[in-house]
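Questions regarding the structure given below will be posed in turn.
Labels for the chains are A, B, C, D and E, by order of writing; each one numbers its residues from 1.
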Amino acid sequence: MKSTAARNASLHSAARASYRDRVRKSVGTSPGSLIQREDTPKPVIQVLAYGPDAYTEETQVAPDKLLRYTQEWPVTWIQVSGLGDPEVIKKIGALFHLHDLSLEDVVEGLQRPKIDVHDQYIFLIGWHAEFRERMEAHQFSIFLGSNFVITFQSQPGPLGAAVRQRIKSAQGVIRTRGTDYLVYSLLDMLADSYFPVLEWYGDRLEEIENDILQRPQDNHLVDIRHIKRDLLRFRRLAWPLRDVINTILRDDLPTFQPGTRLYLRDCYDHITQVMDLIETCRELASGLMDVYMSSVSNSMNQVMKVLTIFSTIFIPLSFVAGLYGMNFNPLESSWNMPELNWRFGYPYALFLMACIAASLLLFYWRKGWLGGRRKKTHSPAPPI
Amino acid sequence: MKSTAARNASLHSAARASYRDRVRKSVGTSPGSLIQREDTPKPVIQVLAYGPDAYTEETQVAPDKLLRYTQEWPVTWIQVSGLGDPEVIKKIGALFHLHDLSLEDVVEGLQRPKIDVHDQYIFLIGWHAEFRERMEAHQFSIFLGSNFVITFQSQPGPLGAAVRQRIKSAQGVIRTRGTDYLVYSLLDMLADSYFPVLEWYGDRLEEIENDILQRPQDNHLVDIRHIKRDLLRFRRLAWPLRDVINTILRDDLPTFQPGTRLYLRDCYDHITQVMDLIETCRELASGLMDVYMSSVSNSMNQVMKVLTIFSTIFIPLSFVAGLYGMNFNPLESSWNMPELNWRFGYPYALFLMACIAASLLLFYWRKGWLGGRRKKTHSPAPPI
Amino acid sequence: MKSTAARNASLHSAARASYRDRVRKSVGTSPGSLIQREDTPKPVIQVLAYGPDAYTEETQVAPDKLLRYTQEWPVTWIQVSGLGDPEVIKKIGALFHLHDLSLEDVVEGLQRPKIDVHDQYIFLIGWHAEFRERMEAHQFSIFLGSNFVITFQSQPGPLGAAVRQRIKSAQGVIRTRGTDYLVYSLLDMLADSYFPVLEWYGDRLEEIENDILQRPQDNHLVDIRHIKRDLLRFRRLAWPLRDVINTILRDDLPTFQPGTRLYLRDCYDHITQVMDLIETCRELASGLMDVYMSSVSNSMNQVMKVLTIFSTIFIPLSFVAGLYGMNFNPLESSWNMPELNWRFGYPYALFLMACIAASLLLFYWRKGWLGGRRKKTHSPAPPI
Amino acid sequence: MKSTAARNASLHSAARASYRDRVRKSVGTSPGSLIQREDTPKPVIQVLAYGPDAYTEETQVAPDKLLRYTQEWPVTWIQVSGLGDPEVIKKIGALFHLHDLSLEDVVEGLQRPKIDVHDQYIFLIGWHAEFRERMEAHQFSIFLGSNFVITFQSQPGPLGAAVRQRIKSAQGVIRTRGTDYLVYSLLDMLADSYFPVLEWYGDRLEEIENDILQRPQDNHLVDIRHIKRDLLRFRRLAWPLRDVINTILRDDLPTFQPGTRLYLRDCYDHITQVMDLIETCRELASGLMDVYMSSVSNSMNQVMKVLTIFSTIFIPLSFVAGLYGMNFNPLESSWNMPELNWRFGYPYALFLMACIAASLLLFYWRKGWLGGRRKKTHSPAPPI
Amino acid sequence: MKSTAARNASLHSAARASYRDRVRKSVGTSPGSLIQREDTPKPVIQVLAYGPDAYTEETQVAPDKLLRYTQEWPVTWIQVSGLGDPEVIKKIGALFHLHDLSLEDVVEGLQRPKIDVHDQYIFLIGWHAEFRERMEAHQFSIFLGSNFVITFQSQPGPLGAAVRQRIKSAQGVIRTRGTDYLVYSLLDMLADSYFPVLEWYGDRLEEIENDILQRPQDNHLVDIRHIKRDLLRFRRLAWPLRDVINTILRDDLPTFQPGTRLYLRDCYDHITQVMDLIETCRELASGLMDVYMSSVSNSMNQVMKVLTIFSTIFIPLSFVAGLYGMNFNPLESSWNMPELNWRFGYPYALFLMACIAASLLLFYWRKGWLGGRRKKTHSPAPPI
């Protein structure tokens, strides 16, 4: 168990070290200054510009060439993967007049989902969750301008392959809509990324439940705690995203056209479903604590029963043996231990012991302590 | 217990497999595209059109003929049972100008109860619960237009036989009212479908309580957890339905006439009653955890008492036996174990043992550990 | 304990059978149809009509004669006791133009407290609690018109004797005020009926606490659960009544004159007091669970201590006895068990045993396990 | 423990008897009628009238002379101590046109803090807490008119000596302000009276914690329950007082001048501080339950360890002794128990036993069960 | 453990003594009077005045000279460290027309974070947390005027070195902005001061978890309680600070320019992050209780298993030994204990015992009680 805990601790420490590093760097600096992060690669810029009839795609674009796309195409999606070079981020910020504080949030990568409405653009932050080697969640930042969308992510390899594919193959209505629909598609992609992760948690909780019922152990408790903590954090990533979409729907931001609103409401439903799943998982995890505690109690009950059955059977037998081990002098006026001289004294003593043991076993069997009279109850099937 | 858990798990897995299947299919597809579901039969369309004075009913209608009814009758109720053919659903959607996103929600069948107000129709989702072989809940989707109501359900055999009968026999006011009253009747039918299911849960909890008080077992705990989880999900199906009706009442939707509002308020009261029942059941289920834990403790207490009574009675007796089993040499200057040579030494030893055992038994009887002095208390009768 | 549980179960089942019966009858019927109830007597109508200077009272009035009173007197209070004949209820409804849905709520008798404002009358529902043979709560329905008040109750014997007396003796301002003041008086009567019932629960909880501290038993747990469930239901009857009064105060219903509002605010304070008492009782009941669990633990502690003290004292003694029961051959080169041949060998062994027992007893006495060093602490007196 | 519980019960019963008495008397009477209370002395009226330059004070004033003060002085503070004579209260009410319902609330003395705005005066209720022989809380009622303040209290000896002193010595701004500032001073006095009481509870909880850690007992549990219940009630007295002040600040009551508002906001902060302290105490009390439960568990652990160590050490020793107590016949072909005839057989057996005992002790010492390897951890100092 | 508790208690008492002292002094005094505090040094005044192009700094300024700065410089930051001399505070208050109640709050040092908007200035209170020898939190009061900012702190050594440095080195935009930006910088400094403290708590909780899993002890419980209490207090210091900033953002205070609002929103996000961390820590601390309880149970389980294994193995062995220690007379018609005369009787008995012991050990090994078949489960890595 130690090694598992140790391994966890080290993974956890690594993640936290990076986190603390960023907090420490940003605390005390002048607001709006960008820190240099080591845990994310150099930025790679990929552009996908499209209109109703055509599209163009280029990878590894230099920042200087970006403005050209926005002048030529109705919608330009600039996707920056990796935040390891503050200079590049600053240059992009300067080209599109992005505020220093927004850029700081992008690079730091520690913001809750939020929406900031600026004069020239809307700044949205969401989180993408996925399952590579282990569970990972990364901030995904979106700048939504009149004819451009800029996204920033810390992982290499641009996200949103399905959206990209849909644009290129002109599937659905995406090519005929503006930047607002693209942002909706990206937010929906974020929401969709939560389902497999939650599925993993659900399966894991079921596994742990089975394990506990077979044999409760300390590390189950640690596992449950970790899952509860993770779900708490997960909720913190998903819940404000709902608020973000709600803000868009409620505040009537002119950037979002009425036709897109309908889709955003659909996305809102998806996140509500995610919230429901998280709450169900949390409920299950809390319930597992009770199962654990009860299993521990049951296991102690078993131990006690074994002890009690053994002790109470052998203690009277030993007493009988001790009785006939007494050294009273078999004087002639034979009140003293006549049994010792009986012809069948020894068989009689053995028979006596066998009777005692048998009657006690019968007693425990009747009480159901010997495990033979377990009553089956039918568990209800899940209704929904 | 294993087999019960295993059976549950498999039923549960089957339900979940279908759920996941649908989630996976819909994640990543372009919004508004309909998935092909295998767990529901091909759609069967049934039409019931009526006015104040007459009605007509037809089953297995082809989609093309549907518009004719809406042109001829004041109210047309089109009931689609089974969602297994996306093409049919699309065709109906095209005839009545239903939005692709709404149709996607219908087919996917994973939405919480909600109301979406579109320009030409109102889209409502509720859930119907019932008890066939096992508990089942299915999405029931309603499109409410000016003179038509279209309902979709995944199960074969159209729901709402009582409503249908009331229309045909012109019972109550239903024939004289418009589509809004029909929608009220359907919502009320959904609310009414929850009562027998909740009754089943209430009975089941009582059964489990009795079982636990007789003999607590691991599977009781699992049962309680399942019921709690089911009730949590149940609440999620019923609670938003209340919001839906509240939205209708509060937002003054012109489709709903003032006369119908009164009935909707009645339906609102019914759902509130359902919510109360769910909360009571949840409270009962939570309380059962305490009963279980306490029963386990009590059972351990019993085991300990048996062990303690046996041990403490026989240990002194064995000691006495051991005492007179010592081999001290009965030299003439007879300080050494004179009892062994007494004429009544053995009866004296037996009598000594009997006294010790009797006084200990008396002591335990006084303490009430022998089970003979249980005090009866009167439990209060349920006041309400 | 079984018999208590069985008795409870049967009482409970009777109450629930009636409840289910009514739910079943009303589910599936057309809205607004009145069910035939068997658990309440035939209606008896009693009229009390009054003005500032005079009053008239008549019992067992036929429905037909009711309208005459409302034409002659400023205020007419029609009190219907018993709901066993739907025809009579319908006739009264027809005379005063009461809506079918309201009448259905009256007869069914399962509504939470609520207020429905109709054009010609206001419909209020509250619950009356009392303590006959056992705790009982019944729905009390009030129709408030411009110059009449109609009340319905399922029990025989009209409620509100104190209000009736106040009217007849012209005590206070009641004779000079209108129907709104009469309704206030009736609502206040309902609120007042909760105090003795809550007092009973408070006393019962105290009794159970004392019992548990003396000796915890399974049925205490069941009792606490029942009380918690009852209080939960009680809260459900009282809480919405507060909302009802709040609605009257907030919505400025013209039926209620400013002078009466002041009194209603007083009534509101009373119900708030009831809510406080219910919450205190619930807190007490929840706390009793902890007391119970801790008492069970303590009781097990006692059992363990007895076992431990007995075992640890006699086990070394038995060992000593066993030691000198060994059969080593006392050869001449006397390393082998010389004690057996000592002159005072036996007294020495007994003395050794006494020393061991005494030192162990001292050890346990020091640890406080012998019950002699219990430390008294002063419990604080209740401050408020 | 019984006696403590009994004493508590009796004190508690006394307080509750008075409470019930008043509830019973007021239930069923016509609204606005004053009950005759036995637990409070006859009213004593004390007047303090003042202006910016002078003041006059008189004790034991007859009700008739009160109006003279209000005509002559800018501010008149009439302080009534004792509510034992309804006639005097009524007379004062008649002089200043106070509503019957307000007077009923004053005399009954069971109201939560509240503010009622009447046309001619504002009626405020707060509670004063103090620590005489035991904790006591009494209702303090304030009538605020344009140029008079009337306060009612049930205890003898007028409260607010500090405020009185400040008026007489013209300390601060109190003499130059109107009645609203006087009411602020009185409300602030009520808030200040809660601090010493809460301090007492904090100290008491710390005491109990120390006691429990030394030795948990049933009565600790009872104490904690009483404190939790008291704090719950305390919160009920303090919380609405905050609402009262909030109402004054929010509703812009013209009686309160802008200059006084600033002071009321300060008073609001004080009550918020009181609420914080109450919540901290409640948190501490809840935490004590866990400490108690864990101490009980630990104590059982100790008992079990003692039993286990004793048993497991002596049981093998006894076995060895029993082994060499067997009576196998040492025939010549000496497979049978040759040890008995060894020269050092007995020392060898003793040495064997000593080895067994020593190795078991070492084992337990390693496991830390002998109490010698307790690891100290540093508890964090309180940061705030 | 006692010594740790005692040390804590004394530290805690010291902090509380100062707290109580201040509460006592301020209770009962006339509002707006300044108490004399002993636990804070005499005030030292430090001035930093700056404009876009230049700055001046002076330490140990006499109060009289302060006004000169505000006349000459666009922004003057007056920083008062130490509150030990009410006269100096009063003099500053008089110079800048600060209200007596505000000054009282400053000196008392017991206020929750709040914002009071006066005509001529805005008064803000926040708390600064830090980690010197032990955790410490002190009130930090800010007066924001049109061209001056006055800060008060009780510790010696002015806070905000980073802000001061940024002003002097003209880093970022701070020199070009007004007093509102300076106040933002100070509030952000307060928020930043919470991160290291929370980090400490997080580390501490992890330490305790590891300790508990190795060996649960009473003092862990006390530690967890203290941390929970501290976090509760911490939350109370941080939560209202968020409200303060929210008030500024929402109420459109003209003092704060639109450009600064953006920065304040950033600061708001930081405090939200602090709140999240606090909640996570609280969740972790609550979870530790479960870990503790379960560890205690597990530890008792271990004890019971050792006892059971030892007892059940040796009890049958002792019985066999006792059996052959019986003294039945081996008469010629040899039914009586023939084994004693067998040639291999003794080896046979030893072999019998060995068989019994071996089969029991096998039984326990199969049950997994011997600790050899522990099943490893993989704990999930933290995803976020």
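Just so it is clear, a residue touches a chain if its C-beta (ideal position, glycine included) is under 8 Å from a C-beta of that chain, and two chains touch if they have at least 3 such contacts.
Quantities reported herein were computed from a predicted structural model and do not represent experimental measurements.
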Other chains in touch with both chain C and chain D: none
Neighbouring chains common to chain A and chain E, by label: none
Interface sides of chain B and chain C: same vs different residues, half threshold: different
Approximate Å spacing (C-alpha centroids) for the pair chain B, chain D: 42
Chain centre separation in whole Å, for chain B relative to chain A (CA means): 26
Residue list for chain C, restricted to those that touch at least two other chains: 293, 297, 300, 304, 307, 311, 315, 318, 322, 325-327, 337
Chain contact graph, described as a line, ring, star, complete graph or other shape: ring
Ring of chains, enumerated from chain B in the sense that reaches chain C first: B, C, D, E, A
Chain B residues touching chain C - in the complex, by the definition given at the top: 162, 166, 171-172, 174, 188, 192, 195, 199, 206, 210, 213, 262-263, 265-266, 269, 272-273, 276, 279-280, 283-284, 287, 290-291, 293-295, 297-298, 300-301, 304-305, 307-308, 311-312, 315-316, 318-319, 322-323, 325-329, 331, 333, 335-337, 368-369, 374-384
Residue numbers on chain D that touch chain C, as the complex places them: 1, 4-5, 7-9, 11-12, 15, 20, 23, 27-28, 30-33, 99, 101, 104-105, 110-112, 114, 116, 127, 129, 134-137, 197, 201, 204, 207-208, 211, 215, 217-223, 225-230, 232-234, 236-237, 289, 292-293, 296-297, 299-300, 303-304, 306-307, 310-311, 314-315, 317-318, 321-322, 324-327, 330, 337, 339-341, 343-347, 349
